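Should a chain be cited, it is by its letter among A, B and C, assigned in written order, with residues numbered from 1 in that chain.
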Amino acid sequence: MDKEFIARGVKRCSTGKFLLWIVPWAALLAFGLYAAALVLVKGLNQTNMDNRFAFGLWIFLDLTVIALGAGAFFTGFLLYILKIGELRAVINSAVVIGLVCYSGAVCVLAVDVGQPLRAWFTFWYPNVHSMLTEVTFCISCYLTVLAIEYVPIVLKNRKLREVPSFLVFEFELHKLIYVLAGVGTFLSFFHQGSLGGLYGVLRGRPFAFREGLAVWPSTFFLFILSAAAVGPSFVLLTTWLVEKISRKKLVKPEVFGLLGRISGLLLSVYVIAKTVDTLIWINRTSPESGFPAAQYYSWQPFGTWILFAEIGLLGLVPALMLLSPKLRAHTGWLVAAAAMACCGVALNRFVMTVQTLALPTLAFDRYLSYFPSWQEVGTFLAVVAFGVLVYSVSFRYFQLFPSERELKMQVK
Amino acid sequence: MLPWNYGFQWNAGHIIFLGAFYAVLATVAATLLRAGIRSRRDLRTRKVEHIRWHSDFHDLPAQDRVCRHVLTGEFKSRECPHAFDCRECETHAKLIERRPVAEEEIFGLVFPVSRVEVLAEVQAGDEEEFFGLSFPLNRMYHRGHTWAQRESDGTVTVGLDDLASRLIATPDAVTLPAPGSLLEVNGTAFHVRKRDADVRVLSPVDGEVIETGGAGQGWYLRVRPTANDERAFRHLLRGAEIRPWLMRELERLQLTLSAEGAAAPALADGGLPVADISASYPKADWDAVCGEMFLEG
Amino acid sequence: MIGPNKNIRAARYGMTIDVDRCSGCGACMVACAVENNVPPANPKATDRTGLTWIRVYKIDNGLPYPETRSAFVPVLCQHCGNETPCVHVCPQQAVEVDPATGVVGEMPQRCLGCRYCVAACPYHARYFNWWDPKWPAGMEKTLNPDVTPRMRGVVEKCNFCHGRWHAAKQQAAADGKPDTEPVEYTPACAEACPTKAIRFGDLNDPASEPAQAAKNGESFRLLEKLDTGSKIYYRSKREWVRQIANAPHPAASGKESFHG
């Protein structure tokens, strides 16, 4: 029925089957939007956040999806600036993932603040000392860049490119794509870093506070490294997942290996840097604030296992797995390592947001716990559903995987 | 933010931060604007067809973009840098000037043959059938499977070559340009529809359409070319190039047919292509097959 | 933003709180709420979602009966003077340190409600409006006309009763005093405290009680090692009280509890 919108030579399921796939996600989106609407209308009391847990599930998830969406800028950087041509096979998919992650994060942020209509205040009265100002500016700019990078993907649709102005505009825009890739890299460097800087500058929270370089705490650089490391892994993971769900070969196997190798390399550097930083923090930074590091891990369930899990089990282990050519050659190990790396970064973001706030600062304070309310979970699920919907539509109607047709020939 | 805002103090931090922000915004806006202005200019100077072809060419897989001189064995591997427009190509100019040696395969053995000899062969009215397909040597062929024949009155007739004709057989619909329309090399000549295939056929020449024919007449268009010198037809295949080209095209067709769901025996078994290939493969995605062979991607 | 005026002789308002005198009566909490138009808590509010610009914590020395001893510590915004954490992190510059008074003031009209400052404050002295403020019928007559009520979704905190400072300034102008001199006034909590445990003054004035307490060896500030430049000086003759305020939270704790 919609065959004229589907690219030539690639097989997509029937329209009916596609709708069957879409409907449950749309329902989830509707439910999530209802939860978000409740929060917007009734206020943030609909969540389980409070004055001690000022940040909760949403901020943790925002940080995680932005780290995972780093694949968009990093793949673009590697392809258009460093000219690693094999990544052309996944760049479109990475851009869609990035767009979904960032737009989802921005939407959740709009619900998370007490007065969303005042969002423009940050642009009008910027506080250049604040990391959050930096985050706001960079993420807004970067979302714009991602949206512009998505336009050529849309305009290349089989039916749309018959419109002469669309065809021509896509062609001209694609000639300048390297400018956007460069700007995207510059912006991503800063906002990934600033998200880390958000916690690193908190002198009042010795658990999160780090020393660093000039105004930038070490978490600034660690977040950039971890985001760049996990970006390719997430692209790998999603590509594999899409291949499994669509039952098609979408990229050449060498591309998986390449993504895994890049991820493993950066992850190793990150693990080393993080270990050094943690040691400095335990031995110098934290005691100087009057807080010996051991006390942070004396409250269950946040024992020292969380530190070892983050850096060791979900950091060093996947790094070594991804660096080993033998393990990389097996899709099973490769995908497992990529998934572990993504979980490791998610755990790192969790530790920096939730664990920081759970720990007491005043001596007569208590360790606190928090569990998200259904409205918070619902809003997050809306983002997931939104992502799946946008990706599904893009996969069906746009050419996210240029190698797909070529691989179809080779298989037979 | 602005200087007259009560009590606002500018310092180095503000200048760096806001400077960077506005620089980024300006860059992005400038990029969009540049793309937009160039697009408007392209639309006004009617470069749409040119761009469409370049866009399609860019998306072709690497093996479909080989230089014609790979077909004749002069290069081992080379990707066409000019989107099959050999008129501008310096390499092609150099190669035909020096009248380099072409190779022709006869009975499985490779014989070096010079172009002079090849042309002499043509005059002698040598074999016109390659692999069961009729490719008269007094015509020139476009890689999109059209032929161009220079007539005595200076016009050029354009038609679908035998392989393309067998792919399309009796088309379900043909959309020809009106007389007076302008064609450009590698731009759209006309559209054909067969089953679920809806392809545009590439034009082998620059020129103005004088007369239109049809599937039954053996030719589709009569064109008055913009230029009638040798250079205007330089990009078309002829003579000794046809055999290796057709061999490759048949290989490509075979690959495409098997990839698009055809289960019938392959042509390499030694069979001759039938008059209506599409009827032999009712289950194949004919749109994809035609798109591949007509270089529409 | 407050413009600099070099002619003003700046004050640095601070407090001294004598923990030994504090009886835990909570009069300061009530007076603060009345003075500053803090709305009554929503029925669903908990001790972690309420608005208590000043809050009395109970601490004890952790020893079993009969050695158990308790003390009460009122905690409010410490008006940090050294690289004030909340001022640094606010993306809209909705918080600022007034150079003329040293008071860390909040602009609820500019606050976005991102709660970054709430996370940054180590003293947990900042409170977010989780609900729309609602006063029961008739109670709006108790509202203080000198203080803006805040809306839902913004952060608020102690500002050393800035409305009273303004009133004192106007009175000083009416009395013909020069505009460049700091004024003396008393915030609601200090005024209401029955034991005079809370005393307010100008730290730049050596004769004021807070200035004298700052020099006293029995005085301490909360979380001194963080070096926030807090202007609230607590006093206690009891060693264990000083230890709890300065020492890091003991690992095996759970014995200390806080009551709002």
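Here is the rule we use: contacts are C-beta pairs under 8 Å (C-beta built on N, C-alpha and C of every residue); 3 or more make two chains touch, one makes a residue touch a chain.
The structure displayed is predicted, hence computed values, not measured ones.
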item: Chain at the geometric heart of the assembly (C-alpha centres); value: A
item: Selected interface, A-B versus A-C, where C-beta contact pairs are more numerous; value: A-C
item: Centroid spacing, where centroids are CA-atom means, of chain B and chain C in whole angstrom; value: 78
item: Cα-centroid distance, chain A relative to chain B, in whole angstrom; value: 42
item: Touching two or more other chains - residue numbers and ranges from chain A; value: 125-126, 129, 133
item: Set of chain B residues in contact with two or more other chains; value: 5
item: Residues of chain C engaged with two or more neighbouring chains; value: none
item: In the complex with chain B, residue positions of chain A that touch it; value: 3, 8-9, 11, 123-126, 128-129, 133-134, 137, 141, 144-145, 148, 161, 164-165, 167-173, 175-176, 179-180, 183, 186-187, 402, 405-406, 408-409, 411-412
item: Residue numbers on chain A that touch chain C, as the complex places them; value: 43-45, 49-55, 112-115, 118-119, 121-122, 125-127, 129-133, 136, 198, 201-206, 288-292, 294-295, 298, 356-357, 360-366, 368
item: Footprint of chain A on chain B - complex, ascending; value: 1, 5, 13-14, 16-18, 21, 24-25, 27-28, 31-32, 34-36, 38-39, 42-43, 47-48, 51-52, 54-55, 59, 61, 196, 255-256, 258-260, 285, 287-288, 291-292, 296-297
item: Chain A contact footprint on chain C (complex, rising order); value: 42, 44, 46, 48-50, 57, 59, 73, 75, 83, 85, 88-94, 110-116, 118-124, 126-132, 151-155, 222-228, 244-254, 256-258
